[in-house]
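I've put the structures underneath this note.
One chain, subunit A, appears in both complexes that follow, with subunit B as partner in the first and subunit C in the second.
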Partner chain A sequence: MISLAGRDILHGWGRFLLTGLGLGLLIGVTLSMAGIYRGMVEDADVLLKNSGADLWVVQQGTLGPYAEPSSISEDTYKGITGMQGVARAANITYLTMQVREGVRDVRAMVVGVVPGGPGEPGQPGYLIAGRHITASHYEAVADVKAGFALGDSITIRRNRFRIVGLSRRMVSSGGDPMVFIPLKDAQEAQFLKDNDALLQQRRRTMDNPLFNRPGVPGLLEAVIASQTTNLYVNAVLVQLKPGYHPEVVTKNIQRWKQLQVYTQPEMRSILVDKLIATSAKQIGMFLVILSIVSAAIVAFIIYTMTMAKIREIAVLKLIGTKNRVIASMILQQALGLGAIGFVVGKIIATLWSPYFPRYVLLEPGDAIRGFIAVMVISVLASTLAITAALRIDPAEAIGG
Partner chain B sequence: MKFRTINKKVLRLLAVLVPLFLLFVYVALQSGPLAPVPVTVTVVEKKQISPVLFGIGSLEARYTYRIGAVASGRIRTLNVEGGDVVHAGQVLGEIDPVDLDEHLSAQLSGIKRSEATIKTTEALLHEARAKNEFAAAQAKRYELLQQARAASAESVEAKHQEAAIASASVSAAKAGVNAARQELASLKADYQGMVKQRHNLKLIAPVDGLVTSRAAEPGNTVLAGQTIIEMINPKYLWVDVRFDQLQTAGLKAGLSAQVTLRSQSNRIFSCSVQRVEPLADRITEETLAKVVFSALPVPLPPVGELCEVSVLLPPLPAVAVVPNASIHRVDGLIGVWIIEDSKLHFVPVRTGATDRDGNIQILGGLKPGATVVVYSKSELHAGTRITIIKNNPKGIPL
Partner chain C sequence: MTKGIVIEGLKKRYGTGDTTVDALKGVDMQVAPGEVVGLVGPSGSGKSTLLKCLGAVIEPSSGRMRLGDEIIYDDQWKIPDLRALRRDKIGFVFQAPYLIPFLDVIDNVALLPMLAGERNTVARKRAVELLEALDVGHRAKAMPSQLSGGEQQRVAIARALVNRPPVILADEPTAPLDSERALAVIGILNEMAGQYETAIIIVTHDEKIIPTFKRIYHIRDGRTHEEAGEGTSFTELINNEKR
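Right, the complex of A and B next:
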């Protein structure tokens, strides 16, 4: 039996392939959009995963440290370490800022970690080059997305740091690359004012008669010294001993330390439902619109392809071809077009995804769902063309 | 002919579709969860490592002299500025003595008056002695006259009384002289005391040194004890260095160290640890130590400049060593990913000391000769497909 669809495709194979290619680009954009959405959620997930924490202890009444500013005393961790069920507790600071390297600057999330060695909470999980921080000052491990190379010297506030290691997929929920530096340097970076501001502050303090009393030598110096010290961190990351339930430890810390504690699911909910909710919805909305537009375009392409063959279909009808055969021909062409479109779309989405500034996660599940959607849309779109084809009057073959 | 045309078209279509399908399969296998993760590996070696302790500190003077007033007063003169080199004993400035000089003049006059008083009392003593000698001679003479019955007993007694009175006058005159001398000594001592007080108002350099700050100006009123001039001895500089307590194992006096000044980051100064302070900083959780230069930097850097200090510890005995990038934490356990029979396994290990280059000792759980994963392009799990990239010390290419 001759395949009518196959013969027709062979008849105009170039046009068929080009149409499939165009459709593929559209599907590629749709798949990429889905990948961007997945990437945003994944960024939030890796942030949690990379911190290596089971619990986040933050300032009472805040959603810190990622969604809101939080500051707690740096010695809080001592009390937490001693609580039942806590295996390790480590101070950490997060600060999104511009990191300078030579003449350029990069937006990065500077993470201050206790240089206690790999595997401690807050440390970068895996490296792709270099080593972990070994000195307690002036060394940094940066995410490769920041564009720094090993041995580069970067400037954070007034101090220079040497890049000793590179990591990958260590990003903030906003997609900014992370730069890990020792905690004490990070505390300084977070709370240290610039030199002009310090001088102004000193001048104001000197002019204040309360602090600059002639009868109390040394008071002014003491006040100025107290203004430039910082003993705060943003959060304490807690790892639990095996067998302890996070909820129990959370309740204990909240009750006895008067601090806010979040478990992993709670922190994920803060990040995904609160921090990236609006932008994720925005992308999601755009994805829905793009899917509708893609479906409409597939339908129109198949309809136009069918309409271009009115005369041929009329001849087929005239020679007594059954409607089933004609419908099958159109359906097969639509499915073929959808399949080529999907293959092309998947290929180009994969090829261009590394060049996106933010992470694009192309999940196999999404690809399968996309394939089913493309096939369903092709079937639905072909019904319009089939209806039109079946209505063609055989007389048109010899008419007009 | 027609068959051949169709065949040609089929071939053309296939020429496009087959590579497209192959590309699709390749893309599906090289990205996403099916793709193998590129890793680099290293073989665990047994070797010595020399841990390095890293701390930061500031350049400080070992001896700082804060020179100030011992009594409240107003500054009259200051002869030095910050940066001046001064010598021991040099007068750096002076507190206004107010009326102390006038008091000194009065005291001096008092001394002179007292000296005159001494002379007066000495003259009186001479007079009293003369009178006493005459009275004693008279008394003796009248005694002889009485024996010759030429004088009455009454007149003899009168002469004896005169002699006793004259003798008492001599004693009184002697006491007067003594009192006057004591008075003079007292006045002189008072005077000396005031001279010392006057001298005390001068600000004097205790040692040869360098003036580091001038905290007040002439005309300023200062309290007793308030610093006016601060000076240091530039021959004795050291680095007041702080080490994170996590990294102070093995720190002790006598170890050699390298110091880099913030202003001269390309120069390394050879130093040694003078002492480790017995008291640590409880707030910052740091151990404090003092590091001295083998030879002082020339020119002398400003005191208070930030320094980076690396203390070199003696090499540790050779044990299994891996790069610290290969240490991971999986399900609460610290360990490494090893490759056995082309398969990935996680092995928990016990880690030891680390050196500056990121080599970490493995004290248990791993033997030399094992192949461990150092870098990986993504997180590893048991059963992850991997592809080993060889001979790439720079890490994973991207």
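Right, the complex of A and C next:
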């Protein structure tokens, strides 16, 4: 038996292909939306992995440092370093802000890290160009997505930094590229006041007789110095010695240091389940809407194509064609349209994904699930046309 | 007469109660194998209803129909699968050819045997033979849109004949054709009827072809009346209608 659907498609292939292209664009958007969600989860995983930490020590009662503000003393890491099972501990700060390069602004997450090489907690794991931060001041490593080049001079608050290294896939949970600078500079940037505020605070302190006593020389200078120095960091990143269980070390730190400690799975849960949960729901809603729109388009197109063949279908029924054959013809056309749409959509999504501002991860598993969904939608969408075709009276082929 | 088609007291009533319409009030007809008869009548006389009943598209209200040796209707359908009956035992030729536009000529004809379960190669071979017999074999690979009106109608005739049905129902098959082509189509139908022992009933208003029928059934007010044979003119039929 010849394929009636195949012949019909070949007969009007131009119209069919154009329709498939249109549907493909819609499917491409749908696949990209799924890819954006996957990219967000992947970004969260990469963020955790590249931080090089086994534990995150943050202010008690907070979900810091990514989900909530956290502030702990910069000396905390010293005590943690001496605890059993801890290999290394390092202070870190995070601050999302505008970083200027020349006349342009880039939204970035500025990360204050202890200068050192790869393996130091908080330092980017690998670089695609340049070197890690070694100086204590005014050097920076930026993610390539920020658009900076080696040797560029960037401005963070009032200080200028030279780009000495470039990393890849180092972004915040919000998709902003990371810019690593020395910890001291980052602490200053976090709490730096403007000149007027400093002068005003200095005058108030000088006017206070308790700090400006004739018998205590140097007290005023010490107080002013303490007011303009930031002694806090957002978190301490901890690396464990081999063989030590994270839960055991976590309990020890929590018991002795009165701080909140998160393991990798807990931090991942905070990032994925709390930080990007709303975005995931938003994307989920878009996926549902796009699926409904795709189904409506396939249903409309197949219905229109079927209704344009009323007379032919009546003739087919009159000359003895079984309902099964007619239903199969319409179903095959719907599936064919869905398949063309999916192939076009997959190609388009793959081609345009690098141009998205956020990382788009197109997973093969999602593609397979997407294909199955498209086929199911095509089957459901064809039922309207099949029902209409089966209702066509063969007598319509005979006049009168 | 053991083959062909025999119709006895066929009635068809539409609607119920006050809206009842008796479209057929007792039709008697018989057409022998190889015979071509005309079925004429004014609009609303019941021609299309009769054709639909004969074509097993609608169910008569009562009466009896025999196709060859088989009784297909006796106050109720005696055949369980009417679709198969239409496919295997009845050929249809319409006013317009109604070829399937996305199939080429050969597959338009071969589709019926394929639907009946015949292998594609065998079905196509039969189609080619018929197309050649109808002088359109050279257009076998063409699409319907590439054919002239006359060629399309020949292909439609080939499609009606391909399963060798004992009866062909033709609904105004010459309406869109000029005199020359109309007479040519009737000539082909006569030739095919003789060659394949097929009974052919042609519903027509076409005054050009009416004189060519050896027998004519005139349907008036839901009943058939057999008219004089070959040479009967359209004017005579009109006059008979007024009687």
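FYI, the second predicted complex is superposed on the first by the 384 of 400 C-alpha atoms of A that agree within 3 Å, B and C clash if a C-alpha of one lies under 4 Å from a C-alpha of the other, contacts with A are read in each partner's own complex, and residues count from 1 in each chain.
The definition used in the following text is that contacts are C-beta pairs under 8 Å (C-beta built on N, C-alpha and C of every residue); 3 or more make two chains touch, one makes a residue touch a chain.
Since we're looking at a predicted model, the values are computed, not measured.
Asks: In the three-chain superposition, say which chain, subunit B or subunit C, touches more residues of subunit A.
Replies: B
Asks: Between subunit B (first) and subunit C (second), which, if any, makes contact with A:V325: first, second, both or neither?
Replies: After superposing on A, A:V325 lies in contact with subunit C but is clear of subunit B.
Asks: Look at A:K184 in the shared chain and tell me whether it touches subunit B only, subunit C only, both, or neither; answer first, second, both or neither.
Replies: A:K184: touches subunit B, not subunit C.
Asks: Of the two partner chains, subunit B (first) and subunit C (second), which one does A:L10 touch, if any: first, second, both, or neither?
Replies: So A:L10 meets both subunit B and subunit C here.
Asks: Could you tell me if A:L362 is touching subunit B, subunit C, both of them or neither one (first, second, both, neither)?
Replies: Touch status of A:L362: first partner only.
Asks: Mind working out whether A:L316 is in touch with subunit B, subunit C, both or neither, as first, second, both or neither?
Replies: A:L316: touches subunit C, not subunit B.
Asks: Report for A:I398: first if it touches subunit B alone, second if subunit C alone, otherwise both or neither.
Replies: second
Asks: With both complexes superposed on chain A, which partner does A:V293 reach: first (subunit B), second (subunit C), both or neither?
Replies: neither
Asks: In the superposed view, which residues of subunit A touch subunit B and also subunit C?
Replies: In the superposed arrangement, which is not itself an observed complex, subunit A uses residues 7, 10-11 for both subunit B and subunit C.
Asks: Can you name the residues of subunit A that touch subunit B in the complex?
Replies: Those in contact with subunit B are residues 7, 9-11, 13, 17, 49, 52, 75, 87, 114-120, 125-132, 134-138, 144, 150, 164-166, 168-169, 182, 184, 214-215, 217, 231, 239, 241-242, 340, 343-344, 346-347, 350-351, 353, 362-364, 367.
Asks: List the residues on subunit C that touch subunit A in their complex, please.
Replies: 47-49, 51-52, 55, 57-58, 83-88, 92, 94-95, 98, 100-103, 107, 111-112, 114-116, 120, 143, 159, 171-172
Asks: Taking the complex as given, what residues does subunit B use to touch subunit A?
Replies: So the residues of subunit B touching subunit A come out as 6, 9-10, 12-13, 16-17, 20-21, 23-24, 27-28, 31-34, 52, 54-56, 221, 223, 225-227, 243-244, 246-247, 283-284, 308, 323-325, 327-329, 332, 334, 351, 354-358, 360, 374-380, 394-396, 398.
Asks: Report the residues of subunit A in contact with subunit C in the complex, numbered from low to high.
Replies: 1-2, 4, 7-8, 10-12, 311-312, 315-322, 325, 393-395, 397-400
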